[in-house]
Structure formats: C-alpha cells, structure tokens
C-alpha cells in the first residue's frame, strides 16, 4: 500500500528507518538533544523485530556496548550529539584500532561544550576526523535531504561492514529535526553489505587481522567457534599485542590506507551544474539546501553558479574537489562553522586565494539570502 | 648550593619542578604511561608544600576536579596520555567554554587507542587542536629539551592565567622519559603570571564574562564573595545561558579570537641558522633534537640547512612559518606521525609542493640517519 | 607446431634464441654469473647450425675474438657481467674506433668489483656509456620482459650492422634469470639488417672508412678480395694512421655524430598512460616491471600515473624524455642504482627539482611497494 | 744548495719528484706514451732509495701489483695512459671495493682507443669517474703547472691514505711533457698523511672494515700480526663476503659517501678574479693555462673575466661551482674534449642555457686565440 511507502518524517526518523532497512541488530544509547528521537524510536522498533535496544548510563558505555555487540556478529549503531560524541572519542579510537564495524550518529548542535543544544551548527566536522588520539582515518557521511539521508544511512552500515571500521553519520540539527517526504525504499532497492565471516572452520586457527587478497578482513562471531584476541594495543594478525616496529608501521598504514587509498570508492557526492560554473559552491548537510537554492535562482538569471554537495566528508575527496574547483573562478564553501571544510578545500586547490567562506556561527540557519550577500562581497560588490 | 640547582632528571620531573615553580596549587590525575611520574612525584611534593594532590577514579574526573579547583583560585594541572586525553575531550570543551585556566599535560604514546604505551609518537597534535566538538581555539606547547621544557611549562601556567584558557602541554614519550641536565631556575628568574582577580567589591555585581578594556576577564574565587553562574552552554556576561544569535556569535568569536588574534604573543619557537637555509627543517619536541643534529652535522659539511623549532603548536604560528619557509628551497617537516604539522605548514606556504615530510610511525624514535635518508630522497638522490 | 613456438625460458635463453634468429655466426666468451647461460646454451646451439662457438681464456680475448670474426663478415656476440665488462673496456674502445659491428651482452650483477654476483642491480649504465677512454658514443639497449627482449636483441644486431658499431645489450640479473613466456617469432616476423658489403670489385681500391652518401660505411670481409688497414689509431679513409688535426677532428665527430645525430632512429621505448600523467615514472629493465605494476594499480584508484620505459639507454633519448616529462608534475626515475639515469633525466628537463629517484642499492629487487613508499615521501606524505 | 732546489723539468718528472717526496715505496707499471717518463725515472730513483720498482707484463698486472704492495703497508703508484687505463678498470673497481690506498697516474692522450698517442686531450675525464662497473665514487686530481702539480701529486697520496681509496692523477699530455721551473719543496714544507695503522694488538681481532668514530678505517700491514680477508665481493666489517641487503646497502653508501660527503675537504681549486666576473671561465689542466692568459689579457682591457681552475675533478665540487657561477652572466667551460666537465657544470647551475663550451678535439692544444674566438661567438659577435 502506497501509504506505507511514503512517509513525512523528521531526519532522525529517517535514520531509524534506514538503519532497520540495513539490518540493525543492536542499538545502545543515551539520549541527548538533538538526536534523542533516534533512541526513542528504536526503543520501540527494535524489540518488535526481536532485536536489542538498551539505554546505557552514558555515551562511553553506549559505544562500548555496541562494539561488543558488533563482535558477536550484529550490525550496530549508537546516536548522540556533541558533548556525548566528545565522551565517545576514546572508545571510538578503540573501534578504529580493533576494526569493529559500527555506526555512530552525531546530530550536531551549536558548540563547544553544551553550547546551543537546539540550534543548528556544523562545527563538529574536524572533531569527527581528529577526535581520537593517534594517526587514524575514519569515514564520515552526511546528507541534506531525507531521500539522500536514507541512502547514506544504509551506506554507513555498508561501509562499516566492508571496511571493518566505525562510520560517523554526521547530521546537523536542521536535517535531524526537519520534516519532509521520504519515499521508503523496498527491500532489494538498495544493496546491503553483510558481515564478511571467515570461511575458516572450527578447530582451525582463525586470524582476525589477516587480510584476504582483496584487503578485507573476515570476522568470526565472538563467542562462536574461534577463540581470538581483541585489543586496543598495537597487535599482530592474531590480535596479540606487539611492539615490533614493522608490525606497528604496517598496522597504522593499514588502518589509514584501507580508507584513504579507497577514497574513490567511499566518496559520495552530488553536483549541480558544475560543468561551466564560474562560481562553485561547495557545501553539505542542510547548508547545501540553501546553496542549491542560490544556484537555481541565479542560474535563472544567467549567472553561472554550480554546487558540489559532499555527502562523504571523510576521507576528504581531494581529487574530486580539486577537479571541480579547477574549472571555477570563485569557490565558495558554505557551512555553519568557522571554516572547517574550507580549510580542506583550500588545501587541495591550485589557488587557495580564490576560495571563500559563506558561513554562519550564531545558531541560526544559513539562508540563501545570507549566501547571496556573501557572494556580492566576494565579487567586490560590497554588502 | 649548586647540588640543588643542577638536576639530572626525566622530562616528567622537569614538568613537576616547573609546575611547582609556577605555583601549582592543585593536581588531580589518574596514572597512565608515559606520564605517570608526574602524578607520582606530585603526590609527594604537593603535600610537602601544603598544597593538594588527589588521585581520581579516571581521567574525566581528574579534569573536572582541576576545573573546580581552578575556579576557587588555584593554579591547577592534570597529566595523562592519549587514551586518557581522549576521555578528557568533553571536559576540555567545558573548560574552553567556561574559560577556566588549567594546564593539561599529555605525554604522547604511540596510538591510536592503547596503541604502544611505551613508544614515542607525536600523533596527538591534531587531537589537541580538534578533540572537543564545536568551533574553538586552544593553546598547545611542547619542548625538545629539559631547560626549554621548564620554561615552557611555566609559560603554560602563565598563558592559562593570561587568557583564561586550558593550555595543553603536549610532550612526547622521549622528552618525558629521557634524562638530561636541568639547571633549576631560581625564584624570579622566570616571570610568573598570577590569577587576575576582579577589583569588584563584595556586594557589587561581578560579571564573570565581561572583558576589561585589554580583553582579559578578571575572575573571582568561586565560593568567595561573589555569586555567579558557570556553564558549558552559550552564555552572556553574567554566565547565564542565552540562545540569542548575537550573544552566541560574539561568544564564539571571543573564544577563538582571544587566542588566534594573539598568535604573535603566544608563539614560542627557536631557530637555528634559518637565515640562509636552502633546506629548512620544521620540527618540535624530541624530533627537533634529531633535526638539530642533522643541521649541525650538515652545516659542518657546508650544506645550508636550518631548523625552525616550534614550541607552540596551537594556535599555529602561520606568519612565522610562512616567513621562514619563504626563503628556503626545500621545507621538511620532521615529526613522528603521518604529517599532522606538515598539513599546517603546507597550508601557509607559497609552494606546498616544496614541503616534505620526514617522519616515523613505527614506535621508534626518528633518528638523524632517518632524516638524512629522507633528505636524500627529497633531493632526488634516492636511498 | 605450437609447442615449439611458445617457450617458457630465462631471459638469457631469450638472448640466445634472438641472436640465432638474427643470424649470429660466431660467439666467443668466458663464463660469468649471471650471464653464463648464454655461453652455455650457445656452446650447444651454434655448432648444431654449423656456426662457431669458442670459450676464451678471459673476457679481453673474448671481445677481441669476436672483433676479428666480425671483420671476416660474421654477426658476432659475446656475453659477460660487470667484472668481465670492465676488462673489455679497452677492446670496446678499439671496436668503437675501428667501427666493428658486434653485440656485447652485459648482464649486470651488484657491484662494484665482484660485488654481489647473483643479485640484481642496474649500476653499470654509466660504465656502458663512459667505460672506454676518449670522446665516443655507443648504443646500449635493454628490456623488461622476454617478448621485448627478443625484439631488442634482434635490434642490437641490426643497429650494430647499420651503424658499424658495438652495441651493448645491458640486462639486469632479474631479466636474465627470470622465466616467463616467450612467443617465438617466426622467420620474417622481425626485420633483419644484414652486413652492408662494399660493391667495390676486386682489384679496385676499397676505402673502409669512406662513407656513402647516406653516411653508412660498407665493409669488405677481411681476408677476402680487398686489402685494407684496421687500427685503433686515428686514421684516414684508408684506415691508415694520421695525426692531421682535420682528420682527427672529423673522425671523432663522425664516430659521435653517427649515433648522437640519429637518436630518433635508434631510440626504442614504450609508454603507458603518459598522456595525462601527473606523476611520470621513467624506468627500464626489470625495474620497469615494478613501475608498471604501480602505474596500473594506482590508475585503478584514479591516480594519474604513467610510465616511460626506455629500451635504448644510449644515446640517451633527450628529446623524448624532455617531451614526456614536460607534462608531468612529478618525474620519478625508478632504477636499481644511485641515480645513473636520474642524472640524464635531470639534465634534460625544465625543472630538475621535480625529478626524484626511487631506487634500491642493496642487492634486492625494487618492488612496487618500495616505489609506492618513495612516491609517498616525494609527495610530502612521509613514510 | 739552491741548484738542487730549482728544477727545469717535464710534468712527468714532477710527478716522480713529488711521489718520492710523499714517500712512494713501490711502483709497478708498463710503459705507454705519454706517461713513460714516470716509469723510466722511477726505475732508477726507487732502487737508489731501497724501494721497489717493477715493470709488469701489462697494465692489469701493474695495478694488481701495487694493490698487493699497498696492503703490505707501502705507499704505491702506477702510471699509464688511455688504453692502459682502460685495461685497469676492473682492478680499479677492486681497489675501490677493498679500499686500497693507491695512486694511478693517467696522462691522457687523444682517444678513443690508441687514438693519438702523442697529442693532447682531456677526454678521459668521464672514464676516470665511470670506468669501473657498479655505483662507486673516486677522487681525480689534475693541475696546470709544475708547482701545482707537485702539490697535487703529494695530495693524491695524502687523500689515498686518508680515505683508503684509489686516487686518479689525471694529467694531459701538455702538462706531462712540457718543461718549466719547479721550486722543489723541502721536507716539512708540505704535510704528509701516513698510513693509519690499527692500534689493535696481535692476538686481538682486527676488523679491516670497521670505521673509527671519525669515519676512517685503520689498516694492518698484510702478512703482519693480523689475519683478515680482502675481497672484491660485498663484505662485512671482517672483510668476509655477505649478501645481506643491509650490509650491501651500507657498504655501497659508505664507499660513495666517504668521498661525496667530504667534497668540501677534498676539493682543490684556484680562482682568478671571479668576484666580479661577468664571464667566468671554468677550466683545468693545461687548458687552464690558456684560459688564464685570456683572463689576464682581457682584464687589462677592462673586460670582467674570471677563471675558476679545478684541480679536483672528482668528486665534482658542485657547491663551489654553483656558487661561483651564480655571479656570472656567461660561464664558459674550457676543455679539450666534447664537453665532459661542461655537463657537470650545466647540472649544477641555475641557468644551464648560460653555460658554453670552448673546446678543441683535434689533437692540437687549445690556445688563447681559440678561446677568444669562442667568446666572441657566445656574446653574439660572430666569428
């Protein structure tokens, strides 16, 4: 029946629907604005499907719980916002090091600290990349509308399983709380990546950190037929701690390269009239909605604007951005922070002096008018 | 007596001596390699001086405890390493937002996660900048030898008090654990910045977040004669929560600008033969020791090498780096990570393609030989 | 029958097959690793065809023997490795001066001196150019795989006959000893250049050093109908010694220009995706196999790498290299020595500071991983 | 008595006098024009002093004989010309690999091959660098007048002993055969470097290839109290063959770096009015006599010419040449070959298009007039 296929929902609900679609088996969380609806809805939906929901005492416990559950073979997720995400940084580093597939949703509020709990911001982008200590890499995805958000959420699970890695789903409060239409995909519409389990039989040694020829590392459900070690320490292919320089070097390069060398496979983006754009907007999340509006309204007036909307923020799609920016006279990054993606764009273009920032940091949404004002200034036409 | 003035000590002991010299009044911590000696020594030394040491249940509690103690008027410090520093990110954001003077020592180990507890690394540089969520700024200092480390530790307290900000003292394991001579400064040798206390009298309203003309915000010892609010939420000059866009905008700009606009006052560095250097090494911490050795040995052979040693990593001294790098044909960042300061250097030079990385990520120290090998490759001479 | 057309052989066997295909009539040699199989196989194969094989007392005698045999009208070859090739330098100079067609195979080992007899190296490239005293020029060819090696060996004979010059076939141990498929060309598949014999009849003066209009010098089988002089001294068109400055000047220019002015005719090379390469690898011999692997694997990831594989090393194809390098941002010479072809590439490009060396000098093969590591450093990404 | 102190001699005699002054203990050689006088004179002079002279059957034997004699603790020398020097390339590589101090005099004739035995040329410069196979380095010295030649010959012995290396004394026929005044230095006037013998006592292991802290390798007279291995194979610190990659890598780098990294210590040169030279001549050997004459005569006319006269050709003094050339508008290399040092100069200057060649290749001496003609052409004033 069509009524069940078309929803009019908040972004947080979209995440719930998509996670269930992707096969979410376990959720642990601690409620925090503006992500609370995710936990709230899953508290009802998961048990209905015979899957597990647990509210933990805090965010640290939440991430630790889903790490454990993931090891037993389930697809797992937690959801939080800035302060909770800050608390998760140590366990996130553990999941990176131990290569645990999991999805961590962070619905950004204004920050730092408790900041502006109900106000939009995109200021946790750099934290999503650099929050845990030590050299590492991570996948962070985002979306600007509900149809994309559904697909990107499913993708988050797929990428987590493919690369045995935590994936951060980094939304902003506008996307999390706005309501718009969602055409619910049917089973089979979107591809799902399932846990790659080892083909090694019981009684044979299983190496949890021995890559296959294609670079992937098969897993064995913890508590099942194989015994193996999992640690946050630098470890060898059996999972046992090692301080051998070559083991350390190779493990670190593996953790980083498995993502950084596959940027082209991980990158998700959309583009709008970038081919001949003299002014290229680069944006993501809800900011990209305003940016797209500006592009469409200015194109109607004959101005050559285009939009590159990033859906994967990390690993940063350098080649893509360099290529698209190379054609434009002006590049304008539209985001709700002090220029976090701006710095990445500057780094990968030939002419950083042609890259500008259209931003907002006061807890209010960045509007098309605000972007247009900044475009005037950039072109030397003042306010 | 000379015997008391010259010490042969570990870097961690230097931090202890310098903190006491600076007037440390309260230390709370949880032991973790390779920082443990700091807590261990202070557990004995602070009570001897009638000051307070407390071992907390974990790193979160430790940072929270010193935040509280700082509010009561004491100079405070905690010390930890990667995993503990990750756990501190939320409270660190709180200290940034609430503008609490405190010193957080992080003696880096190999990471991510528990990683290589006893091995050298400098891979937490980006975390020190971006670990907490939300737009913010921070001061991070480091040093390559014990005499400098003493001065820099005193500076950490001075800067914390001057700017009402957490200061990260970001050492690496080599500096923390190596022993070398320290000529202990006498009282008065190094200037000390004391808490700026409000001149507002009891019975008059004290505004904890109302800047003086020079931008500094006087404090009032908590539990003293004034009552005021302290929060991690966006707040006004009374410390009361506000969601007003202008208040939010101005607070964020204040938190960032009070440091970023004073980079020239905050920057600490040393330079060695940079004037005519064709190859400029940029380094910090123990890596700078090897870099300096290479400079000196190559200068003896007539090669024009120079070294810019950064002692303040954040806010990043862009102008300084740009200036020094502008004269060199090759710029080589020497660090023990995958290129964290490298990225900052690349961002601020004219020719990022002339910036190279001499690094090590395998838990072994970067030696002069290793740097020389990489210099060979960079100059197109291969291995 | 197909069985006879497809061989699975060592590179040294390929040289044998190709030399026989080209019409080798006489081989003199002294066995030395890693070239020995060439002599060993020819000791059986040549007599079967009614042609001559002789093992000499040393390498000097070997080269002298084939020089004499060549004068009688036969296509000739010898084979050796580093130490033996060093011994041949005087006789090689004689062959250059007297313009004797001959092919000298040198299968490089690790050096200098007896060095590493069984280990791969490409460190005799400069010796192949500059081993004999006096201004001169020479042709040196190489190949990275057996199919090419067959063609290049035939070419060596063709070029020797065309230009009356010794041609050095400079292999490395990996190419010499590895086994892979060779599709044996059929007679007629590859063009053969036969000895250009004089049309001057018996009883008429034959001038051994009087060029035809096209610059080529016809030969007359020694011991045949003409009497003439052959000497290593500067000589006139009759072959008689002269100290006349113009004779000396013209002879030297002739010896050099006959090759250097025909670089475009002599140059053999292959290229892989050089058109849009941002990083251009320049390589040869077995190193080019690893280089090609890197290009292919990186292209699959979207990186713009290309490979220029040189098959003729001398005379150095300056114009070709300059042209291909002019399009690239990075040029990386891949070779197993301290940068011998590197220096030639640097000399002919606009921006020598953009030319790097990916090399190996420890007697182990340069692998794709090793090249990738060096590409990381060159791009400023460290280890 | 003064009569004995001032000689009027050929350059070859100067070499003899200087070798005896330096302490030559053993000479083995085979006569060849234009070096024959050296052997001839030493056949008389050495026995008079109770030292050894032996005429060998050829040049290979000659170099091998002095290598053996050097191992027994004597200062040794041989002398030859182009064809003989070509024959010595294998044994020269052995001396490089086994680190045998010895002096090889090559008095260049016209080449290649037997060439022009009695005519001047400087065309063996590149052979002196690249004649032996394998990566290696070498010292080659030359001089333009007898007083310098004496000092440079003594230096050849000093450098051979200091660096345990063969040193090539590369003269040209003009210097070898011309007669001019030599003021014979008295004992003590020139410093002498004596064999560095090991302080290891009998019965204790002596390591022939274990460097001291200053990089030098003490020797033990072969046949004396220590037994050790000497080989041309890659070897460890005991002199025993090894194929270990690290041993091979380190040995090769040692052999090359012990000279290339000490270019500033090895470089010998003279300069004439280079400070303000708009046209800088770079020359060596007898060519530098004509070059100096041009500089002096043109300076008298107010033209700003200068001369950089190289006395050490290898390792090539890149830094020196780059520095001196950087000040000049025109650089003109004056040499009697097709541009062998020219190529080195081009490689190390900023503007290779401003480097020109004034040369002669016809067996006649390059005169001041010839250089002046070429200067006219370079400056666009034609012939």
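Residue numbering begins at 1 within each chain, and the chains themselves are lettered A, B, C and D in the order written.
The rule we apply is simple: a contact is a pair of C-beta atoms (placed from the backbone, for glycine too) under 8 Å apart; a residue touches a chain by one contact, two chains touch by 3 or more.
As the structure is a prediction and not an experimental result, all values here were calculated from the model.
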From the listed A-B, B-D or A-C, the one duplicating C-D with over half its contact pairs the same is A-B
Measuring centre to centre with CA averages, how many angstrom lie between subunit A and subunit D? 66
What whole-Å value do you get for the distance between subunit A and subunit B if each is reduced to the mean of its CA atoms? 30
Round to the nearest whole Å and give the separation of the Cα centres of subunit A and subunit C. 56
Distance-wise, how many Å sit between the C-alpha centres of subunit B and subunit C, to the nearest whole number? 60
Two or more other chains are touched by the subunit D residues 249
Among line, ring, star, complete and other, the chain contact graph is other
Touching pairs among all chains present in the structure: A-B, A-C, B-C, B-D, C-D
For the complex, give me every residue of subunit B touching subunit A. 60, 82-83, 85-87, 89-90, 93-94, 96-98, 108, 110-119, 121, 123-124, 126-127, 129-136, 231-234, 243, 245-246, 248-249, 252-253, 255-256, 337-338, 340, 343, 346-347, 352, 361-364
Applying the document's contact rule, which stretches of subunit C touch subunit B when the two form their complex? 329, 338-339, 342, 346, 352-353, 355-361, 374, 377-378, 380-383
Subunit D partner contacts - residues on subunit B that touch it in the complex: 301-303, 383
Can you check the complex and tell me which residues of subunit A touch subunit C? 249, 261-262, 264, 319
